[in-house]
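Pasting the structures in now, so scroll down.
In the two assemblies presented below, chain A is common to both, partnered first by chain B and then by chain C.
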Partner chain A sequence: MVDSKHQWKAWIYLSPAIVLLLVFTVWPIINTVRMSFLENYSGLEAVGGATFEFGIGNFQKVIEYKRFINCLKNTILLCVLTVPVSTILALLIAVALNSIKGLQKVLQTIFFLPYVTNSIAIGMVFAAMFNIVGSFYGTQNEIVVTAGIINNVLEFLGFERVNWINAGSSYEANIIVMTVYIVWNALPFKILVLLGGLQSINKQYYDAAKVDGTPRRRVFTKITVPLLSPMLAYVVITGFIGGFKEYSSIVGIFGENMGPVDDVGRLNTMVGFIYDALETNKQGRASAAALILFGIILVVTMINMQVSKKRVHY
Partner chain B sequence: MKVVLQDLTKIFPSRDKKAGKEVVAVNNFNFEIPDGKLIGLLGPSGCGKSTTLYMISGLQKPTSGKIFFGDDDVTELPTENRGVGLVFQNYALYPHMTVKQNILFPLENLKGADKMSKEAMLERAYEAAKLVQIDELMDRKPSELSGGQQQRVAIARALVKMPRVLLLDEPLSNLDARLRLQTREEIRRIQRETKITTIFVTHDQEEAMSISDMIVVMKLGVVQQIGQPQEVYDDPVNLFVAKFLGTPPINVFNGKVAGGKLYIGGDAVLEVPGIGDQEVTVGIRPEGFVLDENGPMHCKLSNVEIMGRDVSIVSTNEASLNPVIRSIINADNKVDTSAETVRYSLKPHKVFVFNKETEERIKFEVK
Partner chain C sequence: MAEKNITIMHAKDMGKETSRQKIVKLAVKFFVYAFLILMALIVLFPFYWMIISSLKTLDEYRLSVPTFWPQKVMFSNYAEAFTTGNLGRLFLNTMYVGVVSTLLSLVITVLCAFAFARLEFKGKDTLFAALLATMMIPGELFTITNYSTVTQLGWMNTFTVLIVPFLVSVFYIYLLRQNFLQIPNELYLAAKVDGTSDLKYLWKVMVPLALPTLISITILKMMGAWNSYIWPRLVANDEAHSLITNGLRNAFTDTTGDVNYPVQMAAVAIVSAPLFLVFLFLRKYIMAGVSRSGIKG
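Right, the complex of A and B next:
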């Protein structure tokens, strides 16, 4: 404990951080809760001197919105699709990376590149790949002329070209594109964490397994995965939290339309909904949606923790 | 199962290609380990004893030479087909499995004709657990066990598949002193009961001497001496072996032989018939000193340590290569602690004379 005589010194040393946290973290949290419970709260009107009644109307409106339900559905669908896929892929890549010697460092760097690349930029490249080269939004005429590289490959392999993201594309095609992009974007961090975990596993466990003639598959399922389980749990939990905050990836592919041009907002997410409410000066509604999102993430994380308590082995 | 090592050599390539030299970890190791014996590989760190063990296990490949189990050449056989049980220095118990699962693990790996039913596996696991007396801990995790218990689990895991050879890498080094005494007896007992040829590695000479049927003393990859512990202790081939065995360690002096007499400092301490006149290095075991008022060897008395059964006399001598000389005398002897010098006569069979350059033993006739 700090000597009580010197406590004021400790407070002075801590004060820059505390002030910043109070202003930019604690107050906004409190204010969000406050705004969400004030009926039809609007920042602009509040500045003009308007007063708002206390109530839960914001929450009611948010939940009744069809658009909100759609955003929630998109968010959950993308989470459920991308987290398991990216985790399993990352695990396989990490194990493969860990088992090679020569090019490990080079490959590690290559796999890590997406992490340091702007996700909007990645999104634009993906959009180009799934779309018409050189055109972002595209029109139906352009699709017919030059398809993106994915469609080129599909055609080369003898498949029909697919309208992935342009006007007239199907919801399923949109989701596939989003899943591929989000998984690809999520891989580097997960690979990094899992590779770190793999490298910290004592090699003697593998020697012991070898002496006992353990088949490779069994080594993977009975030794590697259990010993990696703390890292796997971490990656899954942060993956879900990140998944529920999905927004910029959609913008990266579809732009601010959040969907193909003929169905604006089709792929909107929870965070997108919040931004929309903020843009139209409905801070009360945005706050309510933010709290709902917070509640969902809290519940999902708690479920994750409960599950991992049983599954994480030590 | 006897184990034969034939010209076994392991060379590690240098890491730094420009400057470094390759390291010869094990150099031309020849030894036939008799069936059902407990063998201690002994030496200071870096002497190649663990490398030897890992080559026998198959986890490391020899650079040249051959390894036989019985009459089978296993040199090229992968680890999993050798039928060895290996106990690692830090046990390498799988932390996420219970004791039972750990012991069952090797059995569950068996394939084809060797495949066992669940009941048979459990029976074997409990048998192994009983042998090492951990059958009451079967549902615990390794982290809930003491070091000694973990050690037993590791041995049970190595034994459960009935290996042809049991290998132990520094089995006692992670245990505290009391547990070490207990566990080494335990290893001895288990080895006697199972009659599995067992090879263990240690840098602790006491440990090796106390339980081994035979010890192999190694230095820098080269085998120095092989024999029964007492034999090696009583008849070391060179100064290294003499120094390495025994606690307290042997006392080493500069000496010279002239006219069949061994001189330490100015004192003619012993008759050494058969050795020509030369400068020598002399080793005297602590128990080789006899308190003798008229003894030929003079030493300056520093202090006396009472150890109950024995008394340890610490003294100095100008010719000594160690800072102090330590002799162990029966406590019945009265030692005058106020005296400035202490005089000894020597037991001839506890005195070893070594060539000053080569440090090889020069034998003399003990009357």
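Right, the complex of A and C next:
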């Protein structure tokens, strides 16, 4: 059947996609590797006719940068905090949703809502909720006007208000705000996948457990979680991949400052670092940083896969 | 006699068991609902806060004791947000980029998925595997070179630069190919016998049968245009080509400190509204597409 005439036809159908992929996907992969190994490569200077030596200087410089280490730390910290929290919360919500009949559709829709939002726009809403208008720490003639709804709630519950994101706020407070926002943002996808997984579990397992009089907790740990483990692995892996590419949620809350006004760049991430390097025309550095990011994502994904190979029941 | 007593006692025990079980069951049910409703309220709260804040006067927003319903409803905040943010222009730009890129992307994806699903050619499996492998690479890696490429092509600050680099999505090709593969091959062979051309078959049979997937792709692509931020900021930062998210971020630079929140929240609400409308009417397609991707927007 495979004659040359058909081959020809297939390539015509493929050509638009292939041409675009060659220009905007394949070439960038090759070129990024090339630029990363050319010392101090700069696109602007390259146009001017400059040549660059081959070497691993870009990688060395990137790793030595204090800013880069800071970005790496922020990224890893946010990943380590948000992935477990959002996965466990999503699991609890999905199991609860799966066990009820009334209101299931309504609640399911509500839990999916954060997905269809613009992370910059809703980040601005979170900033409003945490922001203090006026100040309570700085000069004396400044007075607090509103401490923000989150602080209002905290004070109502008997806690002290916290400077979450304003000038003078602590790093821990910033990270808490980011964690809350990222978890809020990450829940819908995880709930959707986990609920889909739960609904496909064969009811017979639960009937058998019922006949045996198995307690609820054992049903959860011995039936639900093992049978859901492929979905859990999927959610954790995509969560880590997304987490390492965190950027726009921070822009949403802190703006392009990537940190409180008195400490610009404090919450910058790996992706932020790459864009900063790109904007200052240091493509060599940017490429090196991007390859490091890719390496980290690859390693973390492989570790996840190894762990899930042992734990996941297919 | 004794035996009868035992059976009665046993029956009583059973009765007790079931009534106790009933209470436990009811309590569990109560906790499950309480937990879900609490979580739902937490999830909804930012939306609620956005809307009521957008309707307050600045003075009311700044009250140290917050109000949970605006005392005086200020719809004028919306008008002010619309003009301050120049949202009309941004809206049109985004729609233009969204519609054009979706249409072109659909054509390219359909053709490519058809070739992978129905046509035979050398190296098909290798090529498809290679395409899937590129999905693992973070997009930032492409951006660095694409930035230089579009500069050299002279595409800076045009709509082209916002549309062309993202026309091909390997994920959409994969999604549609899987859908095409489910359509029985007999249909294709029958069409061949009848002398129907591939293109006509594709248009008359495959496309209608794969419509739900195509709708999912359309929505995700439109949402992508609506939510894109990083790439437009790099390559099309002028007012004439600015997209809605960038415009929003640029018009309302400050998020902390002394900010006119009611107007800012009104702008955020305007930007969020179309997404909610789409979601409300096309929930099924969005959820179907999303559960298979893990891609935001």
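General remarks:
The rule is short, and it goes like this: the second predicted complex is superposed on the first by the 297 of 314 C-alpha atoms of A that agree within 3 Å, B and C clash if a C-alpha of one lies under 4 Å from a C-alpha of the other, contacts with A are read in each partner's own complex, and residues count from 1 in each chain.
Just so it is clear, a residue touches a chain if its C-beta (ideal position, glycine included) is under 8 Å from a C-beta of that chain, and two chains touch if they have at least 3 such contacts.
Bear in mind that the values here come from a model prediction, so they are computed numbers and not experimental data.
Once the two complexes are overlaid on the shared chain, A:R218 sits against chain B while remaining clear of chain C. Touching more residues of chain A than its counterpart among chain B and chain C is C.
Contacts of A:A50 after superposition: neither chain B nor chain C is touched. Touch criterion not met for A:M302: it reaches neither chain B nor chain C.
Of the two partner chains, chain C is the only one that A:M129 touches; chain B does not reach it. In the superposition on chain A, contact is made by A:Y275 with chain C only, not with chain B. The residues of chain A lying in touch with chain B in their complex are 202, 204-205, 207-208, 210-215, 218, 222-223, 226-227, 229, 313-314. Per the touch definition, chain B reaches chain A in the complex via residues 57-59, 79-81, 84-86, 88, 90, 92, 94-97, 105-106, 108-111, 141, 143, 157, 161.
Contacts from chain C toward chain A in the complex involve residues 28-29, 32-33, 35-37, 39-40, 42-44, 46-47, 49-50, 53, 61-66, 107-109, 111-112, 114-115, 119-122, 124, 131, 134, 136-149, 151, 164-168, 170, 173, 198, 223, 226-227, 229-230, 234, 245, 248-249, 252-259, 261, 264-265, 268, 271-272, 275-276, 278-279, 283, 286-287, 290-291, 294, 296. Across the complex, chain C is touched by residues 1-2, 6-7, 9-11, 13-14, 16-18, 20-21, 23-29, 31-32, 35, 43, 89, 92-93, 96-97, 99-100, 103, 107, 109-129, 131, 133-134, 144-147, 149, 152, 165-167, 184, 187, 189, 192-193, 196, 216, 234, 238, 241-242, 244-245, 247-248, 251-256, 260-261, 271, 274-275, 278-279, 283, 286-287, 290-291, 293-294, 297-298, 301 of chain A.
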